[in-house]
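Would you mind keeping the following structure in view while I ask a few things?
Chains: A, B and C, in written order; residue numbering restarts at 1 for each.
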Amino acid sequence: MSSRSRTSCVLLAVLALLAGCDREERRSRGTPLAEAALGGPPESILQPGGAVPPPPDARAADFEENAYAVSRGQQLFQQMNCSGCHAHGGGGMGPPLMDDQWRYGGRMEQIVASIDQGRPNGMPSWRGKLTPQQMWQLAAYVRSLSAQPREDVLSGRSDSESATEPPTLRSRERVIPSSPAGVQGTTP
Amino acid sequence: MSEIARDGETLKGAELEERLARTWSRAPGLWGWITTVDHKEIGRRYIWTAMTFMVLGGILAAVMRAQLARPESGLISADRYNQIFTMHGTTMMFLFAVPVMEAIAIYIIPLMVGTRNIAFPRLNAFSYWTYLFGALLLWVGFILNIGPDAGWFMYTPLSGPQFSPGKRTDIWAQMITFTEVAGIAVAVELTATILKFRAPGMSLGKMPLFVWAILITSIMIILSLPSVALASAMLLSDRLIGTQFFNAFEHGDALLWQHLFWFFAHPEVYIIFLPATGFVSQIVETFTGRRVFAYPAMVLALVATGFLSFGVWVHHMFATGLPRLGYDFYTASSMAVAIPAAIQIFCWIATIWLGRPRFTVPFLYVIAFIVTFVIGGLSGVMVASVPMDLELHDTYFVVAHFHYVLIGGAVFPLLGAITYWFPKFSGRMLSEGLGKAAFWLVVVGFNVTFFPMHLTGMLGMPRRVYTYPADMGWNGLNLLSSLGAVVIWLGGLIFIANVFLALRRPRGAAANPWGGSSLEWATDSPPPPYNFAHQPIATGHTPLWDVTDVLPVMTGLRVDDREQLITTAIEAVPDIRYPSPEPTPWPLLSAIALAALFIGSIFTPWAVVIGAVPLAVGFIAWFWPKSPPSKEPVIE
Amino acid sequence: MTRGLRGLGLTFALAGCHGTQSMTEGAGLQGVQFSNLFTLFSAVTGFFYLLVIVGLIGGLILRPREDRTAEGEKAAGVGFMTWLGGVLLGLTALTVASYVADRNVAAATPAHPTLEVQVTGNQWWWDVTYRNADTGQELRTANELHLPVGVPVRLTLKSNDVIHSFWVPALGGKQDLIPGRTNMLTLLPTQTGIYRGQCAEFCGAQHAHMAIDVTIEPRDAFRRWWAAGLAPAVPPANPLAKAGYQFVMTRQCASCHTISGTPASGRVGPDLTHLASRRSIGAGTFPMTRGHLFAWVADPQGAKRGNQMPYVGLDADQLRAVVAYLEGLK
């Protein structure tokens, strides 16, 4: 993206459409994200001393609020045959991804960790099989299955068989915040 | 007992004009500008806006040619180029070509048919704002890097939810809704004006050819624009709320989009072309000093073109694998649609043979039109054939074809028409010298740019590519095309300079500087707000040439209230006195409400519900019945 | 005119390392038909254009005689009917010629060609699969088409995503690849040589880089290619290539690509079994050279931004190893 349009984006920052700039960016290349530093699955949602949970990963917004990333995630979901175990989010051999139950955490970096490391009872580890950027794109799409990202980031349907209701029309409960702007307590 | 002041023997001359001016003018300043319903003012606004978009589209074209001048150029990235060519096509087709034709018609038609205002003048104001807001939506999106990027015809599923993420395509689809609402509104006004507001004596068979062209065009607009408005609504629905119209996996069909779109878009190009033929007819008539040869044939050619243009759209889909027998029909119909155009070309040339041509700038543009458009028409005959189209489709050959017919067939007559009617619009004449310089640069530059594209296409260069390999043999031709673009731009800049320099001169043009024959030349340049002091009567095809001393008029219209004369549709016998609407802010306010509704609905369906409220308020205020000006005895 | 253009095309073709993309090349049945039709159409339309220009110039230069206006009108009337008749005749002739050419091609190609190839369009590459009906063997390759001269071939055209269009100008007309539909295109190559085709329907960001390399060759050369193509991938020959092989099998490459005879069996991206014997990389983005292989594998997004192969971020050693392996896949 040329620097000139970046400048005009900044100049028009007063408009609500500034969010649109981030939503619409098409980062097909990206910088190679660090494969490490994703942490393990959370044992419990409770924090010692009743403190608030740690802030979400700063990289999360780049993917979750980006329509291109969610769309690429959707294509990867089909190509990597995630539907084989998870159906189109409804679950089968694997747990459903559309609901608010997250065995291993539902924040962006936690989903990425699940994809990267694999999980007991059948979730394969994709480390080395997918690039970190692809994992983050998949995580953004997975969160869209439970309608976590903003409505204007999502698309109405995919160009394939439709097994579920349109993401833009799913009822939305922001259960697990992922962007710094939406930090709230997690539900039990 | 009537105390209603009417024009006539007792009230004429300077006093009449002063009172009419008071009745028909609008408030001064910004408020008056917002509330005006004067077709001339709105027409001028429309022309300025449409020409601005032509310039913007031309800038995009220059950028494209800069990128393609060299192979494997890194000047523009792939994504940006795809947005640019999409914006170029979209801007030229939706924001320039049709609006400018409608704009000139809005200005000229009421004058040419001899009435005081266009029909539905508030709708006219509303349509301008709607068009403007749609255009702004598109361009602000483009500037913010969320411009559409899947081509101006947005084939699904590329433009669908999976392959065009984000709001880019939504912005395009909603812009369509805006501009189609505006376009249909103007077409309705023009149809009503032409059928009901013609001067007494101007029967259908005596209308100027430009009026016929606009009448046919308006009917075509009303019949074809709903198709693309429907298609874009279906696309928005697929993208935003998950319908399956274009999803083959759920029993939708990607080709459905193509049918719906091209059912609109092929008549669209004739919607652009027919008004241009109207321009040519008027210019040829004025500058040869005689009526166009074979008026009935010319009218039938216009009607035939309008009719046939609805039956050829599949020729855009010859490569999609539809049944061969169907294709045969569309080859035949696509060939057939060339026949009316051939008739018109003959008639214009015959007129030139039989008359005494004057080589003014508008006439020069007509000559350029004939020379250029016919090339485009003949390359069109080539791509009408299926075996030929299967090679030529989606190559630069087609790019050459449609630029020859659109620029040669519409833009050259447009530039001629602007020069021709400029004194009427502004009260000044454009400079002949600058006009001729611009003419030569534009015409020569155009041919240098686009003729090589026939060859480039035949050498295998497809359309819509942001770059090409260096060893395909296309380098020289592309460079030549890009150099030609520079020449076109020089000519365009001189044309623009001509306009601005003229506007700085004081007004002083005569009412009829060219010696034209039609009624718009029977009033001042520019016309007063009420157009004609008395209702003119049209005595024949060429009212101003038939007149010996004074133009015959009909008197009796109100002076202190806005009133127009309605005549019968076919014979133009005086029929009804019609009160014409006063200036009002509600068209603008309704347009703002509509814009909020449309733009909001891209982001959330709630905008339709919430946005309907101010829209309803605006429409109710607009349509609130107004009491008639004063008690009126039975119409005589 | 056609011959001149063909000469133009040939001249430039010799300069390029890939084939010509000119439609005047006439290397297939439809291509030849096109050239013939084009000559006919050019002649007829050119003739009518000349009439228009002569008429226009005459009208501009000659001054009408005032006393002969009525005669002029009558002459114009006669001219009108003649012109109309001529236009009708011309258009009918061209329409009939078009039908005849179309039916000729259909008649000359058999209803059931023995050679069938499936071409599936993807953003932005061609998935080409040859299937031998008798043995059930499948040869899968990408972005290239080898055809025996003089043998009719039926292409089955499908798409995995958006609308593409298969078009090799030298061979003949184009046909769209539409998701949810299967289109057929029968071609009959008549001349050997190397040619190039390109996607002819805008299909997204990298539509400009979706070319296909076509080789028309004598039948025995084709059979040799076929046999070599069915063979599994060449094993790595030296330690560097072996290291590359290890990387390819255990890392991201195998998730998307198939290399037959190895564990790599991804179906998302092009088949790489005989990658090194193709003429180009990335569907015409780069010519197939060692340096370009390096460039592609190091950063596919730099070369073809937006395409589906991710930027992996190999370090220098990994890159050398992988390229050493890939360039051995002949």
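Criterion: contacts are C-beta pairs under 8 Å (C-beta built on N, C-alpha and C of every residue); 3 or more make two chains touch, one makes a residue touch a chain.
As the structure is a prediction and not an experimental result, all values here were calculated from the model.
Participant: Any idea whether A-B or B-C has more C-beta pairs in contact?
Facilitator: If we tally the contacting C-beta pairs, B-C comes out ahead.
Participant: Going by the average position of its CA atoms, which chain sits the greatest distance from chain A?
Facilitator: Of all the other chains, the one whose centre lies farthest from chain A is B.
Participant: From the mean C-alpha coordinate of chain B to that of chain C, what's the distance rounded to whole Å?
Facilitator: Roughly 38 Å separates the two chain centres.
Participant: Could you please state the distance in Å, as a whole number, between where the Cα atoms of chain A are centred and where those of chain B are centred?
Facilitator: The mean C-alpha positions of chain A and chain B differ by 47 Å.
Participant: Quick check on chain B: which residues sit in contact with 2+ other chains?
Facilitator: 77, 79, 157, 162-163, 248-249
Participant: Pull out every residue in chain C that's touching 2 or more other chains.
Facilitator: 161, 179, 205, 305-306, in rising order.
Participant: Give me the residues of chain A that touch two or more other chains.
Facilitator: Touching at least two other chains: 26, 75, 159.
Participant: In their complex, what parts of chain C are in touch with chain B?
Facilitator: 5, 8-9, 11-13, 15-18, 20-24, 30-31, 33-34, 37-38, 41, 45-46, 48-49, 52-53, 55-56, 58-60, 62-64, 69, 72-73, 76-77, 79-80, 83-84, 87-88, 91, 94-95, 97-99, 101-102, 105-106, 123, 161-163, 165, 167, 169, 172-176, 178-181, 183-184, 196, 198-208, 284, 305-306
Participant: Spell out the part of chain A that touches chain C in their complex, as residue ranges.
Facilitator: Touch list, chain A to chain C: 26, 28-30, 32, 75, 79-80, 128-131, 133-134, 159.
Participant: Once bound in the complex, which stretches of chain C touch chain A?
Facilitator: 161, 179, 205, 250-252, 254-256, 268, 299, 301-302, 305-308, 310-313
Participant: Taking the touch rule as given, give the residues of chain A at its contact with chain B in the complex, in rising order.
Facilitator: Touching chain B: residues 1-2, 5, 8-9, 12, 17, 20-21, 23-26, 67-68, 70-71, 74-75, 151-152, 155-162, 165-169 of chain A.
Participant: Touching chain A in the complex: which residues of chain B?
Facilitator: Touch residues, chain B against chain A: 77, 79-80, 140, 143-146, 157, 160-163, 165-168, 237-244, 247-250, 603-604.
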